[in-house]
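In what follows, structures are represented as structure tokens.
Next come two complexes, and both contain chain A; in the first it sits with chain B, in the second with chain C.
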Partner chain A sequence: MSLAHDARVTASPATMAQRAARTWPEINNPAAWVVAVILVIMPLIASGFFLIEIFASTLILGTMALSLMFLAGYGGMVSLMQLTIAGFSAYMVAVFGISGNANISLGWPWWLAVPMALALATAFGTLGGALAVRTEGIYTIMITLAIGAAFYYFTNQNWAIFNGHTGINTVATPRFWGVNWRADIPFYYIVLAVAALCYFAVQYLSRAPFGLALQGVRDNPRRMAALGFNVNAHRIAAYAFASFVAALAGVLQVWNYRQISPGSVSVGACIDVLIIAVVGGITRPIGPFIGALIFVLLRTFALDFLVRLGLDGNRFRLLIGLGFLAIVFWSSDGVIGLWQRWRQSQKRDANRSGGGHRHG
Partner chain B sequence: MDSVAQRLSVVGAGAALELRGVTRLFGALAALTDITMTVRPGERRAVLGSNGAGKTTLFNCITGDFAPSSGTIRFFGEDVTHFPPYERIRRGLRRTYQISALFPGLTVQDNVYLACRGVSRGRFSFLRPGQNDALMHAADNLVQAVHLSAVKDQRVAELAHGQQRQLEIALALAGAPRFVLFDEPAAGLSPTERAELIEILTSLPAHIGYIIIEHDMDVALRVVESVTMMHNGRIFKEGLPEEIQSDPEVQELYLGGGHE
Partner chain C sequence: MSRFVERHPAWALIVIIAIAVALWLIFAVWPPGLEEAVGRKRVFLNAVFNGITLGGLYFLVASGFTLIFGLMRNVNLAHGSLYLFGGYVGYAISTATGSWVLSFIVAFILTALVGVLLQVIVFRRMEGQDLRQTMVTIGLSIVFADLMLWACGGDFYQVQTPNWLIGPVELPLITAIKSSGEPVYLRYPMVRLVIFAASVIIGVAMWLALNRTRIGMIIRAGVDDRDILAATGVRIQLVFVLVFAFGAGLAGIAGVVGGTFQSLSPGEDIRFLLASLVVVIVGGMGSIPGAALGALIIGLAEQLGSVYIPTYAIVVTFLIMVLVLAIRPQGLLARR
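Presenting the complex of A and B:
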């Protein structure tokens, strides 16, 4: 009786799901809806600290890592300069916009400074990409790491634009329509909107000709050329798109901290983005956000936890490193890979117990 | 306008593929030496030769996977010697690979769709194809033509070897091919699959010419009208299939003259 009922209930959504699966795979996933609703009503649940320090930070870092996921997961290009592009964008917002360093900042309103920063950072990332696509594999990693390191040392030493190691402080944040958009709740929604936009854009692109061709380039660049594709142009275009995503995250980053300094674009921070993407999983766009949540939770709470155990609080990186090692060893497709395998084994178990009539 | 008139006049002149003195060196090793050959539009030719005779190197030079060290290559009259591969493909040249070169992470349908997309506009399109997308239909038809409709939503990594070889051919027939290079399409196929392959090759539209590298004489000599025999990177003999088959020198060299 109950079995028959279940079957009837699930029959029609299943066919609907199949029809919709070609366009929007997430629409029929109840878990995705639950997550979406929780994210939207988050300000009712979480206080200012959690809202910004945990969730907004997660979404910003996740968006940066998403740009790496797009390049690495679909394009097979591991770029370590995604944080550098975000940092460049953040610096440009501070330089063109309004900040406490009046001798550097040009004082443009945010609606001019932000498009300028996005355009320049996208151009910067595209140029870096144009260099990187001449190489493959480990050499791509080396070139993008070199760009990241060069930018870090340049910001440290250049005082005319980047204000050296002190960086640029008290960066103004947008206020219009009588709203202070850097107040916790409005800012959370801006971050959520941008992160969601980037997430859905990547998801959508993965099935569009551009994204499909990128996956073709990842699987077999030589064959792609033999099918009529200009492989390098495709890779550079992928860098341009990923740079734009990273640049958006950079704008949010500088609005979040209201300052930007070389410490935010250090080589260590570049590698953090790689760790976030790999721990979360680079096969699907949700991976980087899961990785970012784990990273932010560890960064925030491991300190207290370690101190309570009588260890140095700064050892939270040790935990992250161990987690990274574990993931690389046991699940090359990250936490989402673990989750998918667990779900599959659950399904298998359910089928087995159902088929064997062991539980009456 | 000029270039169109030019191109039309050279098509009239009659060579689909024209190689003049093509040489390819790998360091001191000459993989190809002074290859000169002309293939008419619609002509079907086999390239035979033992391992290391330079057959695949010849294909790589024609498609532009690497440039010849010297010599010129003309495709329907146009000098393509220094064109990148994708420019040659967009002009109607196609090839298959001896070892299947597919996209294992994508489905059969997506593989063929990419092949259709590669030789048409919108390679960088950010918009997903809709229900009535012309290229989607073209891809469907191609999948059907190589008998892969049943597995079209499977990832290529899960396909059997024979199915992968069929997909390999489908990718080379996307769009409007004018000339195809088949690199050992029968490698590793069962007798039934070989028969299907022969059927696919012989039923290609008459205007599509091809060169086929094939060790299996039963396949090769049944689907071609001329044969080029290569040895040590040079052209050793050219002729009709019967002539080549009965040539004593060729038998000595390649067809196992050891019997005598």
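Presenting the complex of A and C:
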């Protein structure tokens, strides 16, 4: 019936086994440890440009897409307003904190402005979610898209708070304990820590009673209601959690670029988050990060690549769109799904030649 | 109608009072006190007419969208791209041949062809997987938007209004009384009125076709239960293709209309996609009268909002959507 639904069928045997064991699936997976170590020692390997423009951007976008993946994969609700929530939180950091637009910013220190922004953005997302859960399936997409677009046009028109289409510039970034936390390496570690926190929180929630109930609601809301679960409350709670994750990403985003403008919350950008999540794979928390890496690499290098092929470098979005179409056409579970299918066919070959048994 | 009055007498009363107030505001000569409070009547009337004609344009876009959704359960998020494509085609034809009417015909045919291709090549292969179809339409809208940016550039285009439609007409609506006692009548651009009349005619024709003809009967039956309809021997795939072509063609026509009213540029596709989304959410998905009502409400809200509360015009539109979702999540005129 839906992307999430199709994909669940393929992913369930593995996740069921893990659920029974009640351990973190990453612990026994050597690849996960390798990735973790690489991510931690990344500042030794990569230069400042790669560290921030590629890896920090990937982690920030991935965290936004993670909030969408949580809603879509476990809740069956494809919300296109996750970027809007992140953008709202970014705007709130700029409005409550310190920025170049002194007539708008209230000049609060970051440790007051950030919790305020997180709280407001979570409230905003929860309200939007409460609106969206009144409908189902494709209607959710439309309503959240409408919310995102309304917010975009509103920021364009409103000068009192959002400073119109110029947005808010030179947003101050935190400095404490004698460290400039926007310097490349400390900022990378902040982003990594937040992304990891969100990743494990989603991973944990997906196996906690709440997450299991949410997946039940996704698969059969009527039966869950008959069992005594409050279906809408679960959905709204999922929106609240996803909004918090998106809001965290929004704070990092505004610190990264030091400015926020309506262009960052445009409809196209909202859709980009969906593309990232779907291309990466919407059934597991790692998917959005893979999707974000692909997206950021394409965004950064497509121009050079296309020019080298003798094509117009401005056709980056065409490339993204075609890639997205191809993924949606051939894999219901993004790149992860393709990878899994490839692994399974490898295994089948190995089994046929005698012997290899599955682990992990 | 009478059933509605019987079931919701309070709502019916409110609606009747609102209509009466609106009629009075439009036809009566405003007393000086009111003019001081809200501004000149000419401004108000212009906003109302702009709103109604904009509603006509929104109806053209949204009716195709809602027709396609109603029958095929396919949220075509590439509908805005079809709108922009039709607009560009219309612009090309009208500059090449100088014929405004011809540009409508060609835009309709070409966008309808694109619609046929979409239905045959893409949507038929993933029937019933509505979320996947929606994703595909998102991907298509990105590809189309970039292709059109490639072909047409980022400039603004405006379709040339034909000579016989240029200039204002005087309407029998009094905006003010001069001190000499002579009434001042409202003057309004001819082309907007003609286009609005055309969209009303298209709307009525669609309603008649849906409710009074055999093909309309088949489509309505398909909306209700397409499996049973297919089982009775109707070639449902052919009906799907026709409906998709017609809905896409309407978007193409709307593109030419929008290019004459306003202008064509990258980004308009998303604007009109959003407009048709809000219109059908307010009016009710899959319902043609709902699309008409929603388009009228949204058009009026947008124009009146931009005149009287300029900073928050978009919020008014949004609040209407929220209000409808809170009271009647299925939309004002949906049956469900």
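Operating definition for what follows: the second predicted complex is superposed on the first by the 333 of 360 C-alpha atoms of A that agree within 3 Å, B and C clash if a C-alpha of one lies under 4 Å from a C-alpha of the other, contacts with A are read in each partner's own complex, and residues count from 1 in each chain.
Here is the rule we use: a contact is a pair of C-beta atoms (placed from the backbone, for glycine too) under 8 Å apart; a residue touches a chain by one contact, two chains touch by 3 or more.
Here the structure is a predicted model, which means the values were calculated and not measured.
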{"item": "Partners on chain A (chain B, chain C) - clash or fit", "value": "fit"}
{"item": "Touched partner set for A:200, first chain B, second chain C, both or neither", "value": "neither"}
{"item": "First, second, both or neither for A:212, with chain B first and chain C second", "value": "first"}
{"item": "Which of chain B and chain C A:342 touches, first, second, both or neither", "value": "neither"}
{"item": "Contacts of A:237 with chain B and chain C, given as first, second, both or neither", "value": "first"}
{"item": "Most chain A residues touched (candidates chain B, chain C)", "value": "C"}
{"item": "Touching partner for A:220 - first (chain B), second (chain C), both, neither", "value": "first"}
{"item": "Partner chain in contact with A:228 - chain B first, chain C second, else both or neither", "value": "first"}
{"item": "Partner chain(s) touched by A:271 [first = chain B, second = chain C, both, neither]", "value": "second"}
{"item": "Minimum C-alpha separation between chain B and chain C after superposing on chain A, in Å", "value": "11"}
{"item": "Touching both chain C and chain B, counted on chain A across the two superposed complexes", "value": "none"}
{"item": "Residue ranges of chain C touching chain A (in the complex, touch as defined)", "value": "73, 75, 77, 128-132, 134-136, 138-140, 142-143, 145-147, 150, 270, 274, 277-278, 281, 285, 310-315, 317-318, 321-322, 325-326, 329"}
{"item": "In the complex with chain B, residue positions of chain A that touch it", "value": "23, 204-205, 207-210, 212-213, 215-216, 218-220, 222-231, 234, 237"}
{"item": "Touch list for chain B against partner chain A, complex", "value": "63, 65, 84-86, 89-90, 94-95, 97, 101-106, 110, 113-115, 117-119, 122-129, 171, 174-175"}
{"item": "Contacting residues of chain A [partner chain C, same complex]", "value": "1-4, 6, 78, 131, 134-135, 137-139, 141-143, 145-147, 149-150, 153-154, 157-160, 267-268, 271, 274-275, 278, 312, 314-315, 317-318, 320-322, 324-325, 328-329, 332"}
